[in-house]
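The structure under discussion appears below in the form of structure tokens.
We call the chains A, B, C and D, going by the order they appear; numbering starts again at 1 in every chain.
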Amino acid sequence: MPKSLEEMRQRVYEANVALPEHGLVKFTWGNVSEVCRELGRIVIKPSGVDYDRLSPENMVVTDLDGNVVEGELNPSSDLATHVALYKAWPEIGAVVHTHSTEAVGWAQAGRDIPFYGTTHADYFYGPIPCARSLTAEEVDTAYEKETGSVIIETFAERGIDPVAVPGIVVRNHGPFTWGKDPAQAVYHSVVLEEVAKMNRFTEQINPRVEPAPKYIMDKHYLRKHGPNAYYGQKGDEH
Amino acid sequence: MPKSLEEMRQRVYEANVALPEHGLVKFTWGNVSEVCRELGRIVIKPSGVDYDRLSPENMVVTDLDGNVVEGELNPSSDLATHVALYKAWPEIGAVVHTHSTEAVGWAQAGRDIPFYGTTHADYFYGPIPCARSLTAEEVDTAYEKETGSVIIETFAERGIDPVAVPGIVVRNHGPFTWGKDPAQAVYHSVVLEEVAKMNRFTEQINPRVEPAPKYIMDKHYLRKHGPNAYYGQKGDEH
Amino acid sequence: MPKSLEEMRQRVYEANVALPEHGLVKFTWGNVSEVCRELGRIVIKPSGVDYDRLSPENMVVTDLDGNVVEGELNPSSDLATHVALYKAWPEIGAVVHTHSTEAVGWAQAGRDIPFYGTTHADYFYGPIPCARSLTAEEVDTAYEKETGSVIIETFAERGIDPVAVPGIVVRNHGPFTWGKDPAQAVYHSVVLEEVAKMNRFTEQINPRVEPAPKYIMDKHYLRKHGPNAYYGQKGDEH
Amino acid sequence: MPKSLEEMRQRVYEANVALPEHGLVKFTWGNVSEVCRELGRIVIKPSGVDYDRLSPENMVVTDLDGNVVEGELNPSSDLATHVALYKAWPEIGAVVHTHSTEAVGWAQAGRDIPFYGTTHADYFYGPIPCARSLTAEEVDTAYEKETGSVIIETFAERGIDPVAVPGIVVRNHGPFTWGKDPAQAVYHSVVLEEVAKMNRFTEQINPRVEPAPKYIMDKHYLRKHGPNAYYGQKGDEH
């Protein structure tokens, strides 16, 4: 059953304003979108509009190729990245991009965020990868679309399931996360930022730290996800 | 005299909502419980419920083995850790678990939090230990219960009194604290987090720093605790 | 067309009170001014007055040499630095000085803030320079004016366009930023502080990090600035 | 002319509640006092009382030796340190003690806070010293009084004027600041904390950083202090 466009506008609006509330963005430095493939529609934040001027009504609606079909404002300039991810990964329903400080630290450092503990494993089943920088040619031809391509390439080459590892940092740029809906995608952005900070502290306190055991990752991820999950209340999804 | 179950619900509720107010948890990443051994009851936060949806009424009541006796929600998935600590240590009345950022830094680094100064000694009479990681077998058989076991094992092997050192970080996981009641257990979580941060700064400023003298620990701990304490007002406990 | 002095007072007032709101200043440690060359006037914060006692009315008005022409309060003691920048750079309309913590870290460290990523390139087209310390003679003769001179000297010697790189840190002192109007100059102070923090994290996470590729700087700067910009809404300036 | 005891109560109350507002204390971890030598009175915060339960009325009044003369509550357990400083330094009118995080970092690291820039020189005319740890004998005989003695000893041995350098960190403990009145003493605590943070960042960004030139210290301190000061408004003191 296709989603209601009105409810998508509302969810995308709420998810966008949640970004500054969680301390993930300054000014207009972030954007959230949601897709409905049956409806053939993507709803995304307009470009460069202050968070306090956003409303469900001024969200921009596009088709699945990113052509604007409703709304008088330009869509987020990162739209083509969102479109690329939706095309590659039918399992995901929403995408978030921010310049959150701790995640950018790892992106600029060009490093994967290692698996050091249970906070990480509760939501990311493996290290959070760092995608390579775009080449000059990729930047010059279709920058935002190619940003999506290097993300997809990273997951494909390493054989990572984007549902099990719902986020990445792009080298010299910043984090992208995704989820089944806008709220979950924002949740993953909060987790990624928090884990990025915890891991910076961890390496500062013990520069020779090693990744945590794989069986701890399995336990924590699987007590929250999949058929045998027992965290939370019956019927909840996490 | 047994406690009032109604008052326990209220105290456990208030202690749980104090966690985000002190900046110790994001989302649902923390839990507080209280025990009354005479009453044969433990009151604990339900699992995965947002802090703003908590109330004294939806706290979960279990027996001393952790079997739910009141409440329709699942108890915190960490309940078995709380139960293990209550069984091992009759002196304690409440337990707190969080994923507070600075404490997790030390947990993931796999290091005890050293004694560097008086803020630490006012509440923790010695280094705050880091428990070992669980083995694959412990994780697979009874993860949450065994988390309690490694905490208890750490205190026993090192001969530490859990009343004098009311907290620990568990390797690759995070902090647990306890106290005579929920408010004190939360207080100890705040202290642990603050000392974890101070000590990170201390080692950054002076990488060759040594622990502070034992006689300073004695003085600061004993001016607040025990028969000769003189901090605070008559009749207060600290 | 000359600006309205009344509107300048209002803008300068609003920009000054925005500084503590953005966490850039404590107490009275910051100041914003605006110039109108046609009107022959500069409007600047009074010296050492608490932010909550500021009003559009008590902003100080000077001529283009910094002589007070309206207002009973002393102008900011940094006025002569602002005057020097306005004389050297006809393109700029407003100046901000703060002691924001992260930027001061780089100023005291005596290092340029390197170009590591897109957050930086969205607003600063190249590394943010660190001006040299003043000499004893410069400090003794006309400290505040000479602070302006070393800033101007830094841009001239390195051939940097102050519109493309709208800020600097002065060694052993702190940051100055500028823009077409007070709001944009404050915006640049926020960006400079955030990039200073991101880059501190980046070097901590990867001590051997190298600057990002020049073509990424070109792409991000030019998608927001100049005739081919496509970020934001038609008619907006960024 | 002696001060009004009522006004002292009000000022000391306001200064104490300002500490958590400035983020300098958690719980009850700080205290402010004021002295009037003509009146023969010290007003100080009661020990271990939450900041939200403080009022001008429950401040404790003592004589110049620290004997309580008014009030039913115990004075701050650090009173003897305040008394020692008032006896040694007739120029000061108020004392503040906190466990603020960044300052404790330097105290625990056992290092003076170096002079790296103008923020420091605006209020502290030289490095902020770190006093030695107390000996076991000093701790055992009169801990709080001897804390005052090592502070006084540090200034005497190094020939530092406590008016020009209105604060210190005590090894393994934390910061003390002072001033002509409670508000100024609190102001100095805020500056000390901020400079402690800036300098931690500075050494992280450039581990080989050297102190700033002495003539910059002279300029910045003397444009705010002494007969030739020109910062702020006529009649203000800074």
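One rule holds for everything that comes next: a residue touches a chain if its C-beta (ideal position, glycine included) is under 8 Å from a C-beta of that chain, and two chains touch if they have at least 3 such contacts.
Everything numeric in this text was worked out from a predicted model, so none of it was measured.
Two copies of one chain, subunit A and subunit C, touch each other, and the residues they use overlap weakly: the shared fraction of interface numbers falls below half. For subunit D, the chain with the farthest CA centroid is A. Taking each chain's centre as the average of its CA atoms, subunit B and subunit D sit 33 Å apart. Between subunit A and subunit D, the centres computed from C-alpha atoms are 47 Å apart.
For subunit A, residues touching at least two other chains, in rising order: 203-204. Remark: the chains found to touch one another pair up as A-B, A-C, B-D, C-D. Contact residues on subunit D toward subunit C in their complex (touch as defined above): 116-119, 187, 190, 194, 197-199, 201-206, 209, 212-213, 215-216, 219, 223, 230-234, 236, 238. If you check the complex, the residues on subunit A that touch subunit C are 26-27, 29, 46-49, 73-74, 77, 99, 101-102, 104-111, 133-134, 136, 139-140, 143, 172-174, 200, 203-204.
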